[in-house]
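This report refers to the structure that appears directly beneath it.
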Amino acid sequence: MTTKAEVVKNFGVVQTEEMVLNMGPQHPSTHGVLRLKIRTDGEIVSSIEPHIGYLHRCFEKHCENLSYEQVIPFTDRCDYLASMANNHIYSMAVEKMLGIEVSEKVEYIRVIMTELQRIASHLLAVGTFGLDVGGITPFTYCFRDRERVLDLFEYTCGARLLYNYIWVGGLSHDLPLNFRQYAQEFIDYFEPKINEYNRILTYNKIFIERTGDVGVLPAEVAISYGCSGPVLRGSGVKWDLRRDEPYSIYDRFDFEVITGDGQMGSLGDCWDRYFVRVREMGESVKILRQALAGLPEKGDVQENIPKKIRPPKGEIYFRGESPRGDLGFYIISDGKAKPYRVKMRSPAFSNLSVINEIGAGWMISDIVTILGSLDIVLGEIDR
Amino acid sequence: MTSFTDSLIELLGGLAWVPENAAGIIFVTVSVLVALPVFLFMTLNAMVAVYMERKVSAFMQDRLGPMEVGIFGFKGGKRFWGGIGQTVADAVKLLGKEDTIPGEADRALFIIGPFILFGAAFATFIGIPIGYGLVISDFNIGIFFVIAISSIGVIGVILAGWASNNKWSLYGAMRSAAQMISYELPVGMSLLLVVMVVGSLQFHDIVMWQEQHRWFLFHSPFTALAFLIFFASGVAEVNRTPFDIPEAESELVAGYMTEYSGFRWSIFFLSEYANMAIIALMSAIIFLGGWLSPLGGLFRTFNLEQSWYFLEGPWWGVFWISIKAIALIFVMMWVRWTWPRLRPDQLMYVAWKVFIPFALANIFFVGIWELLLG
Amino acid sequence: MELAAIQTRVGAVHPDALVPTDEGAAYLSMTPEHWADVAQLLRSDEELRFNVLMCLTGYDRGPGEPLGVAYNLHSMDKLHKLEVRIEVPRDGGKIPSVAQIWRTAEWHEREAYDLFGITFVGHPDLRRILLPEDWEGYPLRKDYKEPDYYRGIPVPKDKRGWE
Amino acid sequence: MGAFAFNLVAILVVVTAFWVVTAKNLVHSAVALMGTLFGVAGLYVFLYADFLAAVQVVIYVGGILVLIIFGVMLTQKIATAVVVQSSMPNRFLAGVVVFFLFIGLSSLMFRTPWHRGELVETTGTVATIGTSLLTRYLLHFEVASILLLVALLGAAYLSRREHG
């Protein structure tokens, strides 16, 4: 009589083999040079290990060798889809160290720019998310409208992606002629378009099947992983630095903090994260309307720019709401013209770290969906 | 009923200068003469369909599409036919590309893979008529022949995916095999329904029946449902969105064709568009009256007087079947550029838990319908 | 809760953990030994409830000086903030990992390890994160010297026109 | 003309069948098998069994062969799908068996008094097959379908069972 052990010894155990898939750094839907090492059992993913750093450009090392104002173009290149927000938050951190107040007009322009940037960034996120689940047309719709935001930026400061517009203490240029009118035209044009995205993508049955109940991120896990921005709000946490820690002049505007509500499945699924972005664009439009109405006509945008930036010894941690979440700068100054240490706490870095938690157990197709719903930008993760 | 091949053989056999018993020569000549029009048709179809796909997608995406490349100095300008030479330029580029074979690939199978897929599509055209008597070879098991031959294509896809020695390709091949085998069933079942009603597997008989009665799309609610199931499953069989999981570009890079380039890749491309044409032609013939004029079909459906000239006749037939097929191809493109993609398990769900039960029930109900009303 | 109150609260439970700081400093300084327990306290204490680790920054006080880590904590419930600093010797300095308390720390600690060479004890997977795995040295240390070659590729030293 | 085509098909069957047994790679064997099955379908056509030919292609080429390739692909590692050739004694024994089989079969072929019937042009077998299946062979047909149903249920049950 043969025992089971003998059978095993003679023939080996029949087992399924795990396959290691290497997704990226060159892959259509890793949104840059991200590499995911995926262990799969058939189509089911058992674990995901992100490998980052393919876009590491030594931002923090650079900062230690540049003066404070020279850092600003480098912040552009970190999150290249939300350069205005990066400029804004970095400049505010340095201003806080220096104790500079900026004029009303500068604050308004900064808010306008940041909110336009948020629309542009969310448009890209929404469009590429459609691409990730296989819908190609929403992508071009979003890019059509993003183009108009970029045109506004180009009109303002000459650059379409990397602006270097918001400076410590002020701005590089005043607003060009008729900017207010063009911006107004844009938001009037743009607001109805949000419904267009909803019609083509958000309420599409297949899209809901693909994203609803997929990659559910519970609120506690999101907080523990330091997720922020739409990723955190998609899980139902009402947390927005613009409302909860008002910086700049955000306390003057009336807007809603959008949270996910589990409409198409569980709370915190990919659909929620996606839809938070879509609705946030509407809120940004609301802020833009108010800001454009309140924008002072006159004023010098460069009057508060310091001649020499030498913050006193000390350190500061300042954070603000970039389109991707809490963007923080931890700056240590030793009283010289160059920062002693700049640490950028990038939202996408923390948002990405949650992927194994919410992605394991889903299928390969879902990994792409989940990754898309996190809306990462590798320039910011790798810095 | 004569077919192209029969006429050719008769013609060649009757020629005075052809020696007696020269079966080999006649065989080869007939094969070549038969293959040429099919090949030309496939190439032309791919070219036109690619151009159409580009323009349709551009139209749906608020873009212009190809606008620059003219042909023979003719440029359409900023009109619909602008960039008319784009596909020619693409084809030339594709054929001029380096044909790479990965070092670790199984060379023989890597090369043979696309040709099996191509061969299947090619052979399928032999049985499909594009007008009354306009068929390469008229089989008396027409529908069954088409289903049988087109089921071979999947082997080409699997081999291509496996031989590439690339994990993405393997995934694409696995998905593709599962998908094609699953969707063959609803396709077959919805065709079975038509065969039941007509009592013949021949395409000509099916169209004749529709000429005498009415189009199958309007025949009964069950045949209309069968048309939907057939067309949707057909779209799935040719791997187009929302069923394009084997090549899902955002997940599997390019699925089973990841490692292919240049000429071999264009063979895949050609077959894909040929398969689209096959599905569209079959739907048109079986459910939409084939080469019958829609005007005549419409009036006969409602038993109206035949009072008008319905634009019927052999050449009008080719025109009508082309119009129907192009309309169906347009629907495929429309769907592709509008909807996202299903997940593999959802795709299987649709096949096994929606299409197949409905198709089975359909067979039963159409039987009752025919007994009571037929 | 103000810094002083937090200091008192922590000092009451772990009196050895606190290190005196300079006058007017806006942070708490701690010894690495008790950090894991203190972190647990900060996270779960009813009055403190620091549930968010906003930022974890490694820093270098300069050649010959200790390396440090600054933790910026925030409480979403109580809406107060805290900065904790821990400094360890330059060579072989070890800090208990808080990756199990705030999962944010998992990648941030890897980053600090990667760029400063600070070892976090008890970290589930302490590897380099941004730099290649075979990179030598810790680039953000103030005494870091760029290598001449990386995998046979010469590292450009002539920086004219760069600054 | 018919003879020429028949020769082509016959050569296809023999050559690919030879390839099936000699190929070192299982997937190559499977591909060669495709040629063989196709050729056999062609032979059916020459017997005026066109329906059977199509069935052969649908079931064997489109179904079973795909399953075979699938199985081979998934149970072997991608790069090392090489069949280990058996040892010499086995080959020798196999050779002996095959030799006697060959002798037996060919003697059978030459000794059988083949019946040479009149060449009858049939007009399709589909209707005949259909009628017979639903009248004379109804019981066989139903029994076979129940058997298949049981197999289907069994397969579904096996694949649904949890690991363990």
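When the chains are written out, they are named A, B, C and D in that same order, and each has its own residue count from 1.
Note that a residue touches a chain if its C-beta (ideal position, glycine included) is under 8 Å from a C-beta of that chain, and two chains touch if they have at least 3 such contacts.
Because the structure is predicted, anything quoted here is derived from the model rather than measured.
Taking the mean of the C-alpha atoms as each chain's centre, chain A and chain D sit 59 Å apart.
Centre-to-centre separation of chain B and chain D, using mean CA positions: 28 Å. Computed centre separation for the pair chain A/chain C is 24 angstrom, with centres defined by C-alpha atoms.
Work out the mean CA point of chain A and of chain B, and you get 44 Å between them.
Taken as a contact graph, with one node per protein chain and an edge wherever two chains touch, the assembly forms an open path, each chain linked only to its neighbours along a line.
Applying the touch definition to every pair of chains gives A-B, A-C, B-D. By the touch criterion stated above, chain B contacts chain A in their complex at residues 57, 60-63, 167-168, 171, 241-242, 244-245, 248-253, 337-346. The touching residues of chain A, counted against chain C in their complex, run 52-53, 56, 58, 60-61, 64-65, 221, 223-226, 237, 239, 244, 315, 317, 319, 326, 328, 330, 332, 340-341, 343, 345, 349-350, 353-354, 357, 382-383.
The residues of chain B lying in touch with chain D in their complex are 9, 23-24, 26-27, 104, 106, 108-109, 112, 116, 139-141, 144-145, 147-149, 151-152, 154-155, 158-159, 162-163, 165, 170, 173-174, 177, 181, 184, 199, 201.
Across the interface of their complex, chain A is touched by residues 51-55, 57-60, 70, 72, 76, 79, 83, 102-104, 106-108, 115, 128-132, 139-140, 163 of chain C.
By the touch rule above, chain A contacts chain B in their complex via residues 19, 21-22, 27-29, 43, 130-137, 140-141, 144, 200-201, 204, 206-207, 209-210, 363-366, 368.
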